[in-house]
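Each structure below appears as structure tokens.
Below are two complexes that have chain A in common, paired first with chain B and then with chain C.
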Partner chain A sequence: MDYKDFINQDTEWLKGTGPSANIVMSSRVRLARNLDKVPFSNWADKGRLEDVLVAVKDAALSTGGLKNALFVRLKDLSEVDRLFLVERHLMSPEHAENVDYKAVVVDPKEIISVMINEEDHLRIQVLLSGSNLRECWKIADSLDTELSKKLAFAYSAKWGYLTACPTNTGTGLRGSVMLHLPALVFTGQIGKILQAIAKLGLNIRGLYGEGTDATGNIFQISNQVAMGITEEETIDNIERISNQVVSREDSTRKTILTKNKEALVDRISRALGTLKSAHIITSSETITLLSAIRLGVDLGIVKTMDRRTVNELFLLTQPAHLQELDGRPLNANERDVKRADLIRSKLK
Partner chain B sequence: MFCEVCGKKEATVHLTEIINDKVTKLNLCEDCAKDKGTEMEEHFGLNDLLAGLADLGSTTEPELLEKVKCPSCGFTYQDFKKVGRLGCGDCYETFKKQLGTLLKRIHGADRHTGKIPLMVGKTVKDTRNLQDLKARMEKAIQTEDFEEAARLRDKVKEIEKKGKEPA
Partner chain C sequence: MDYKDFINQDTEWLKGTGPSANIVMSSRVRLARNLDKVPFSNWADKGRLEDVLVAVKDAALSTGGLKNALFVRLKDLSEVDRLFLVERHLMSPEHAENVDYKAVVVDPKEIISVMINEEDHLRIQVLLSGSNLRECWKIADSLDTELSKKLAFAYSAKWGYLTACPTNTGTGLRGSVMLHLPALVFTGQIGKILQAIAKLGLNIRGLYGEGTDATGNIFQISNQVAMGITEEETIDNIERISNQVVSREDSTRKTILTKNKEALVDRISRALGTLKSAHIITSSETITLLSAIRLGVDLGIVKTMDRRTVNELFLLTQPAHLQELDGRPLNANERDVKRADLIRSKLK
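Right after this comes the complex of A and B.
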């Protein structure tokens, strides 16, 4: 299997399955680790970077969970290919820059990925569909333990895992959930919720764009601190807060459905109409309209498609995915046409 | 209030010390507190109890510290200030004074309580025990439960002695 084949499969985090999948799109755990006695990636010379790359590759590919994983050196990839992996959340946007000694290890199901020589030597990431943070942590934890039998990690008894950025020092863990919150945005409650979450020591931000007008009504909640708190406590915190937001979104959806159904149906139907008839459409308009369709599917208003298809469209309409589908580079105008074509063919 | 040792400078550091189960309170200036700190560390390993001392390193000798280089990677604290990232794991030891304060500000805590890697398992568990005991001792002193503090101090001594014996 080649990473290019990913385009023909549903990436795990967009499967639309798992607990609370109508609101929680995906869950992710990321662990930052560094090799002991080796300068961090941004400060190491070329020789050391190559050593790290080879050592982590060998260790990763010989662990149970990653035996059949793909190993990709980023300098062997075109810019579009790299962006393709970023859009699939298999690596960070930062990882796609200055790629000389960078690589990524991805399991064929796209659940686990290990970035090599991001700002830390290893960024272990586990992504699952739905509200599944605990399971993500379980997988990441055991992979980390496996890797630690082969690699000595930089660690201090007092401060835990030592990372390039002091904000990650401690557990090196960043847990996050991606929530689709159209009803809370529609009713204007989202502002208060953003404030409340920030006060609880968690981060919340839009997946596409910032603040309350996050395109597509997709928000990401994650932990802010990594020291003085265990991994389990961190996961619990995020999950607890996330569950509260989810139940608020859920009840608001029901309220709108009983009190304001016509306005809701109108909005969703118009979105569907636009997507079905557009011949030129931008990425941002697409995301906004798909958010409405997804709500329609979740509430049983749109019956002609399922959640999986909507999720698939979220991904396939992104710039690099369109270009991979077409097999050639496209400029922004060409992409807008291609995007509209693709959507019309999927919504027929 | 003036410093109880030199009697010249303003006392900004307030210490509580336990010597032979007797509690002594000391009000010191930063310079004398620093000397005292070294002394106490030698005697009791109680450096952690020096209130307000975490910042001393950075407030008393900023210029000197700026020039300190990490022996493993050559990074300076100045470099860190510039890029917001550290050079290697050993930088944490090199710049522990400044980083201790910073980590506490970032995380609201300066002690890892999470996962312990397999390789260092046992020694880390001992160290964490020690840290816990010291933290509890600190709390006991704050709440003026000196009996408990003395008991905990004995335990700390015991563990520290054990650690020094050849395995």
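Right after this comes the complex of A and C.
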């Protein structure tokens, strides 16, 4: 299997399965680890970076979870190919820059990935559909345990795991859930909820990480700190608050269905009409419209489409996916036309 | 035939036939006349108004052009019925107010109408599809000649026909053409053209008369004054300038088709998609979208619809028409839902 074959399978974070999958799109656990006595990636020299790359690769591919995994050096990829992996959430946008000594290990199901020489030597990531944070943590923990038998991680009894950025020092754990909250946005409740979440020590941000907008009413909630708190507590914390937000979104959806159904049907139906007829469409507008349609599918208002098709479009309409499908680089205008063509043909 | 049966026929101004009908929606000539030695409508007492009403009715119904016409006293109509006649351009919005001594005579083809006791005792109107101003004038002139044999009109050798508003004094003629100018709006040329037209002594305004917006890219051009100029010159003037605007709109459409076809197709196709899927839609949005679709039909981009259907929707989606179709008064929210239902069913 080649990483390019991913395009023919449902990526894990958009499968639309798992608990509360109508609202919790996906759950993710990420562990930051560094090799003991080796400078962090941004300070290490080329020889050291190459050593790290080889050592982590060998260790990762010898674990149970990653023995069939794909290993890819990012310098062997085109820019589009790298963005393709970012769009599938298999690596961070930052990992696609300055790629000389960077690599990624990905299991063929796209559940586990290990970034090598991101700002930390290892970034272990486990991604599952739906509300599945605890399961993510179990998988990540077990992989971490296996890896720690082959690699010596930088660890201080006082500080915990040492990391390039102090916010990760401690457990090195970042847990996150991706929530689809159209009803809370539609009714204007989202502002207060975001404030409340921030006060509870959690971060909230958009679909593609820090600094990105919550396009498509998709919000990612994650822990702010990794020190002075155990892994279990971190997971508990996120899960508890996520459950509260989910329950609020759920009841708001029901209220809208009772009190404002016509306006909702109008909005969802128009979104579908626009996607079926546009000949030029940006990625951002596409996500906004797909968000409305996903809600329509979840509420049984859209019956001609299933969640799988919505999710497939979410991903295939992203810039790199469009270019992979077309087999050539496309500028923004060309992509807007191709995107509209693709959507119309899928919705015909 | 009852005026309510009009709803089952194509109203003249939206037939979409006649010269340059792709751009000139309709042409209209209106003559203002008053009975000699009778105060203007807004100054006359009830008895006098009633006398005028009866005299004009009798005279009108005895002419060749109006012998089969419908005569309607506006006080016998509901508010919705009056608005219905306004929407069909058979009378002015002003004529629907303070209706005690007002009436309208309409020929069954909806080409000729005579308002009685608007601000002038008679407002003779002739309306034809397409660029047909000269033909309108011929019909109006011949009716005026017939009427003048039965009614003594207020006329001064020095000033011409005397009218309530000085801008009509002289010939009493107002000629106008209704132009659909989406390409000039789309390319931003319309501003300069409006300025030029104003400098040439013509008025330009929106679809439903003075002070209304040019919703749906529809503009009405008419003469500003009726004194010091013959009827022939007035008609010539409007026709000449209208032809220039039409020719500019036409060439701009061709340029867009060559240089910017994709954006145009996108816009038109989205408009159709929205109309086919909306569940709540205002009259104003409807007109805007229908304008795009009319252009699409004219340019051969929309093939699933003809101009007749577009025009039918233009009219049937107006507030009073919707209420006539539904057989009961509807508030604005109810209309927005009914309108969307009607459009979806017509476009299915």
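Methods note: the second predicted complex is superposed on the first by the 342 of 348 C-alpha atoms of A that agree within 3 Å, B and C clash if a C-alpha of one lies under 4 Å from a C-alpha of the other, contacts with A are read in each partner's own complex, and residues count from 1 in each chain.
FYI, contacts are C-beta pairs under 8 Å (C-beta built on N, C-alpha and C of every residue); 3 or more make two chains touch, one makes a residue touch a chain.
This structure is a prediction, so every number in the text was calculated from the model and none was measured.
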* Which of chain B and chain C A:65 touches, first, second, both or neither -> neither
* First (chain B), second (chain C), both or neither touched by A:274 -> second
* Superposed model, chain A: greater residue contact from chain B or chain C -> B
* Go through the superposed model and pick first if A:108 touches only chain B, second if only chain C, both, or neither. => neither
* To do: Name the contact category of A:148: first (chain B only), second (chain C only), both, or neither.
  => first
* To do: Identify the partner contact of A:265: answer first if only chain B is touched, second if only chain C is, both if each is, neither if none is.
  => second
* Touched partner set for A:231, first chain B, second chain C, both or neither -> first
* Residues of chain C defined as touching chain A within the complex -> 262-263, 265-266, 269-270, 272-274, 276-281, 337, 340
* Would you tell me which residues of chain A are touching chain B in their complex? => 34, 36-40, 42-43, 119, 141, 144-145, 148-149, 152-162, 164-167, 169-171, 173, 201, 225-231
* Asked: In the complex formed with chain A, which residues of chain B make contact?
  -> 72-73, 75, 83-90, 92-93, 99, 102-103, 106-115, 117-120, 123-124, 127-128, 131
